[in-house]
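First the structure, then my questions, so here it is.
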Amino acid sequence: MKLSYPATAEDYRARARARLPRFLFDYLDGGATDEQTLRANETEWDGIKLRQRVLIDVDQVDTTSTLAGETCDMPVVLAPLGLAGMMARRGEVQAARSAEAAGIPFTLSTVGICPVEEVQTSVSRAAWFQLYMIRDRARIEALLDKAWAAGCRTLVFTVDLPQPGMRHRDFRNGLSSSGARAKALKAVQLLSRPGWLWDVAVRGGPLNFGNLSDVVPNAGDLDAFKSWIDAQFDPTVTWADIEWLRRHWKGTLLLKGILDGEDARQAVSVGADGIIVSNHGGRQLDGVASGASKLPEIVAAVGSETELLVDGGIRSGVDIFRALALGARGVMIGRPWAWALAGGGEAGLNNLLASLQQELRLAMTLTGVTRIADIGTDQLDRNSNPEPGKLGEQQ
Amino acid sequence: MKLSYPATAEDYRARARARLPRFLFDYLDGGATDEQTLRANETEWDGIKLRQRVLIDVDQVDTTSTLAGETCDMPVVLAPLGLAGMMARRGEVQAARSAEAAGIPFTLSTVGICPVEEVQTSVSRAAWFQLYMIRDRARIEALLDKAWAAGCRTLVFTVDLPQPGMRHRDFRNGLSSSGARAKALKAVQLLSRPGWLWDVAVRGGPLNFGNLSDVVPNAGDLDAFKSWIDAQFDPTVTWADIEWLRRHWKGTLLLKGILDGEDARQAVSVGADGIIVSNHGGRQLDGVASGASKLPEIVAAVGSETELLVDGGIRSGVDIFRALALGARGVMIGRPWAWALAGGGEAGLNNLLASLQQELRLAMTLTGVTRIADIGTDQLDRNSNPEPGKLGEQQ
Amino acid sequence: MKLSYPATAEDYRARARARLPRFLFDYLDGGATDEQTLRANETEWDGIKLRQRVLIDVDQVDTTSTLAGETCDMPVVLAPLGLAGMMARRGEVQAARSAEAAGIPFTLSTVGICPVEEVQTSVSRAAWFQLYMIRDRARIEALLDKAWAAGCRTLVFTVDLPQPGMRHRDFRNGLSSSGARAKALKAVQLLSRPGWLWDVAVRGGPLNFGNLSDVVPNAGDLDAFKSWIDAQFDPTVTWADIEWLRRHWKGTLLLKGILDGEDARQAVSVGADGIIVSNHGGRQLDGVASGASKLPEIVAAVGSETELLVDGGIRSGVDIFRALALGARGVMIGRPWAWALAGGGEAGLNNLLASLQQELRLAMTLTGVTRIADIGTDQLDRNSNPEPGKLGEQQ
Amino acid sequence: MKLSYPATAEDYRARARARLPRFLFDYLDGGATDEQTLRANETEWDGIKLRQRVLIDVDQVDTTSTLAGETCDMPVVLAPLGLAGMMARRGEVQAARSAEAAGIPFTLSTVGICPVEEVQTSVSRAAWFQLYMIRDRARIEALLDKAWAAGCRTLVFTVDLPQPGMRHRDFRNGLSSSGARAKALKAVQLLSRPGWLWDVAVRGGPLNFGNLSDVVPNAGDLDAFKSWIDAQFDPTVTWADIEWLRRHWKGTLLLKGILDGEDARQAVSVGADGIIVSNHGGRQLDGVASGASKLPEIVAAVGSETELLVDGGIRSGVDIFRALALGARGVMIGRPWAWALAGGGEAGLNNLLASLQQELRLAMTLTGVTRIADIGTDQLDRNSNPEPGKLGEQQ
């Protein structure tokens, strides 16, 4: 393994697999049902062909951009990942530091390990705060106040998880089962990763849900967590509740988990400041289309009226460029940052982010664009025909 | 193997393979000729993309439905499988109990191991009864009387098997050969599965065709069975015979094995109460299209006039949802129930059925539909384009 | 291996690989350049979807047919294969006997091992005779006279081999090289197959080109053979020469190796009695389309004026049915018969032919057609859509 | 390995992999980012289907052609490959000799190992000279003078590398890293290839950049090389600079790395004598289309006004033919020549070139074309339909 340097998100994934207990790696890596949407997320960016342009002065290529009113060194945000703090010691703190170093926002999940205060005292850049709606509205208000007090100004409200998806890998690993056998199974997996045990579990505690620690006592106990979600996540939330939220949050409000043109229009009309086109990384409804394939529909519907981010399967600087060329203002990356953190620590994540930026810059260089704002459909290749049998026809 | 819990139909398949003698697993698993249609059945549901919808109140999602006039906890029926009783001890009885627990119908095959009376005395829910037409009509009448007397009210008349298909796996395993070598081959396979031998063959007898035990003496002797089928199955049956059947069966009459719009119209006009769109699980004519790809044509032809079920390759709750969205009223599942039974016993099948229902409920939750009757084309995503090269075009 | 019975062409291929020296298996198995056309031949029949039809009286299904004026038990011909006599002892004799037993024609190659007289004295059914044009026309005339005298009445004139194709497998095996190293390489391969050596090489001689034995002395010496072909095969042959041939052959004249509509029309206009649509089993120009994909164009061009056969990648009775449904009158099979002969002897070939007929009969049964002449486009499924993403659109 | 003869580019690739230190093989073999464009280059020629034509007099097939005013035995040029001299001892000299023997041009890279004078003193045929624009224009002028003095008359100006692409394999191998670990890693790889070490590194020196030896001291030190490129390659070059170049080079000027119709038109209007349609072998911007799929657009744009070559993924004589049929006048091959040289020495390259010519001749023979100039769209098969599901539709 160590006979080579990790270069890509996939390389870090391989290292993460080697370091994490299986049930944790699978929790991070997996998707819903047959993981078709997960695979589509990862492969369908490939279909977006770019134009190679030459002999344009590209000495001054600039990846700087503005997302949700905030200047970013590149139009990339670390997506909220529940339990991320179990992938590396105080994982969200490391990620927030790495994001700050790279000049981009970090998003803290409602169900992260490190509480928002812990994260914010270790960086000066304000994190984005992600919210799941739970039945107890008073608790929501308290949570929002805490995030605001800690300095968060951008709220990411996730709308695609009225209930957790059907993640068979977790079931196979006994995460949904209690009893002796499931416990034994997890113990075997843990013992085969002594490095992680010592570094993260023993020395990196407490491993509970920082933002909810008064409600859900112990994140290590994933079953209790699951029951809590089943009981507390609120499937009665409707568009009307967004107005309530709008009133309670003075900062920027982004809706995460919109995948349909109709919903996108609705989001704009209820006053969201932006939308994150997402299928939750293929973890919710298997069988929905990839972000790559839905983005054009949503750009057509509301692209001129609101700020669009997209996530799901973004794995390289070229993918970032593709999303921008299709009309997104920026992207979120989810698993890759956790893979890099788990597989290479904070330095690993720093390297990955630097590599993504370098690759984005290169894509701009080779398509002849020097500013992020200039990336658009003119950089898409509409004359290439990937269907081999029709190649001869174009002439 | 036992280091994980089985979660999906495929997981149970792996366990069934490990438990069953090879020729039996292959008999269950295989299809005709090159198994192209079998593979198409299993993969083409994937192409039906769904719409992820958000912020709809989905607190009360209800999977209850009516099939053939019968209330079901979900719109799923266990398909008739010949010889199923060899996959587990008194297999059809276990399956009927499991179906009853899940609140769905079980269909007993003409060539099942357990006789209809044995099945019906162990459950209170009436099984559906599947019929193959055999040359001796008096025997048919007797069979129908027996089924009726046992309490069956829904007759599934299978029309796609005038002769058994070309299943090369069976031939390779010597099922179609007699003589010492074929016997030795089977013996070797049996001896490598002592668990099955003891549980099913020794303690689970008699292993003959319960409903036909006076005609075909011993199900273990698959060759005799095959000769009997070749001689007795009636390839002269035509639409005219359906009228005869119609007269002899007072209950609900479903035709199973319709795959063509023209035949579907004919089925309606001869008075069938419903149709099961099916290619017999890819076991008859290899090279015909999958149920997934034929369903729209048949819905267009007769969807408004009759009740449509579909089978072939349904493996998850998402697949069930897809079939309903395309216009089916319900689905049958074949191999999955036998895999679960063979691989995990009655408890395994209970788990699988619970998982399918949970997944169906989740698909409803995430598409924003609360009642089965509301699932329809509005849940199909017509704006996603799986051809990567054309992604850029939509904008 | 012997723990199962061989059922399909592919099963016999595996056995042939185990029995034949590698260079011989590769010679039989391989194609030109990257073998793209070879693969297309084998896979593109799969795309032709059939209609499953039910409740038609199919008690009397008849596979009998007429090819080139000759009654056949099924519309299948054994294709000419050069060197086939090296695959099994006196291979062409065994194949001719097997064909006679199956009630179908056998075609003897110009460059077969057994001379036409040897073949014809062992069967009573007249073989078809395949001709390559060689520079020396007097020799051609002598060859035609010999074939006629032996009883052949159908001449298959092959037009797609003005020069042998670029078969890299043969080159890799040293077939195109002389010298000690190439000899050693072949010797190693031969010694690893002592069964073949004893049965075919030692006891099955002489291994020379029966029909050309006065010109090319030793078929074992493939290099000498190759030089002879390079020197003697006549690349100057044009349509005008077909008239010469027409005059010298009183029997039926079929042109083999037509793959283009324009050439097909020309073939009809110069007076050929029939055409065999073929790309020489993917052994000549890699990059041309499969027979399956070219057949419709040629049917449209000359289908009503001449008799069309097709070959290339026919591997099952379903494939035979597909070719007929597209408009062919019959098919040739090449590699499969040699695989069966090499892997299972004459009995193996008998089995394979019986299986093909049984599968063709079954395809007729399940599409509701009772006579070969009734197979046509009405059996093609034009309403199925294999592109998953478009499934929802049909409704 | 040596149990067979190498026949194809791929065969030589396997041998090169066995002989070269891994970082060198990966440098040669790899592409940018996810290597999607590299794979597209290699697979998309396959989609171009050819017409098999018969009974045309093909006794006199001639592969001779004119490229950039120069007679060639076949329309193929060895592409410029930086560092090629590290693949075999004095690699560019061997390649130039082999090209001369095959009657085709060899292109020397700016960053080749052997200086242009060394190459030109060992052959009598003038090499083509490839230029990268570097910031110091005086050095460029000196370089051009040196090339002209050595006899070069065709200048290949490469426009698709304002900066080197993101080649993760090089990063993984530590080529972009300095320090002890990276050195150790390379040392391990070198020591596992003693044959290469002795032959190329020890006896084949000096291993520096012949044409730039006064600037970049040691090619073995790839890091220094990379820094030099980053600093010296000039990303400010625009179309205006082509005019400057046009004035300084009296010979033929070809622009290499055009992949877009708009750029092609611009190239013609600034006075280039020809264009090489190229994506730099998939080593620059991953996500651009293959040469095969872009060629038709560029032929349509400027095919009648300028001379077009294409490269990227040409691996066989059939691929060469396809490029010509789509409208190119000739092709460049890159990796294949270095694979053959590394894996089989000068004799290996001679064999590969002879094989390509033979295969091209055969493609002409089997499509019925006798002169290169006659190859065109009439040899493309527009009636074949590779989409299996639509096969039946054509009739």
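Details
Should a chain be cited, it is by its letter among A, B, C and D, assigned in written order, with residues numbered from 1 in that chain.
The rule we apply is simple: contacts are C-beta pairs under 8 Å (C-beta built on N, C-alpha and C of every residue); 3 or more make two chains touch, one makes a residue touch a chain.
Predicted, not measured: the structure shown is a model, and the values here were computed from it.
Fitting subunit A to subunit D on C-alpha positions gives a rotation angle of 90 degrees, to the nearest 5. By the residue-number overlap criterion, the interface of subunit C with subunit D counts as different, with under half of its numbers used by both chains. Comparing mean CA positions across the assembly, the chain most remote from subunit B is D.
Computed from the mean C-alpha positions, the centre of subunit B lies at a distance of 40 Å from the centre of subunit C.
Chain centres here are Cα averages; for subunit A and subunit C they lie 57 Å apart. Of all residues in subunit D, those that touch two or more other chains are 46, 48-49, 381, 384-387.
If the chains shown are joined wherever they touch, the resulting network closes on itself as one ring, and no chain has more or fewer than two partners.
Which chains touch which is summed up as A-B, A-D, B-C, C-D. Taken in their complex, subunit D has these residues touching subunit C: 3-8, 11, 46, 48-59, 315-318, 321-322, 355, 358-359, 362-363, 365-367, 381, 383-395. Those residues of subunit A that touch subunit B in the shared complex are 33-34, 36, 40, 43-44, 46-49, 159-160, 162-163, 165-166, 168-169, 171-174, 177, 182, 185, 188, 235-239, 241-242, 257-263, 266, 279, 284-290, 292-294, 296-297, 299-300, 325-327, 377, 380-382, 384-387.
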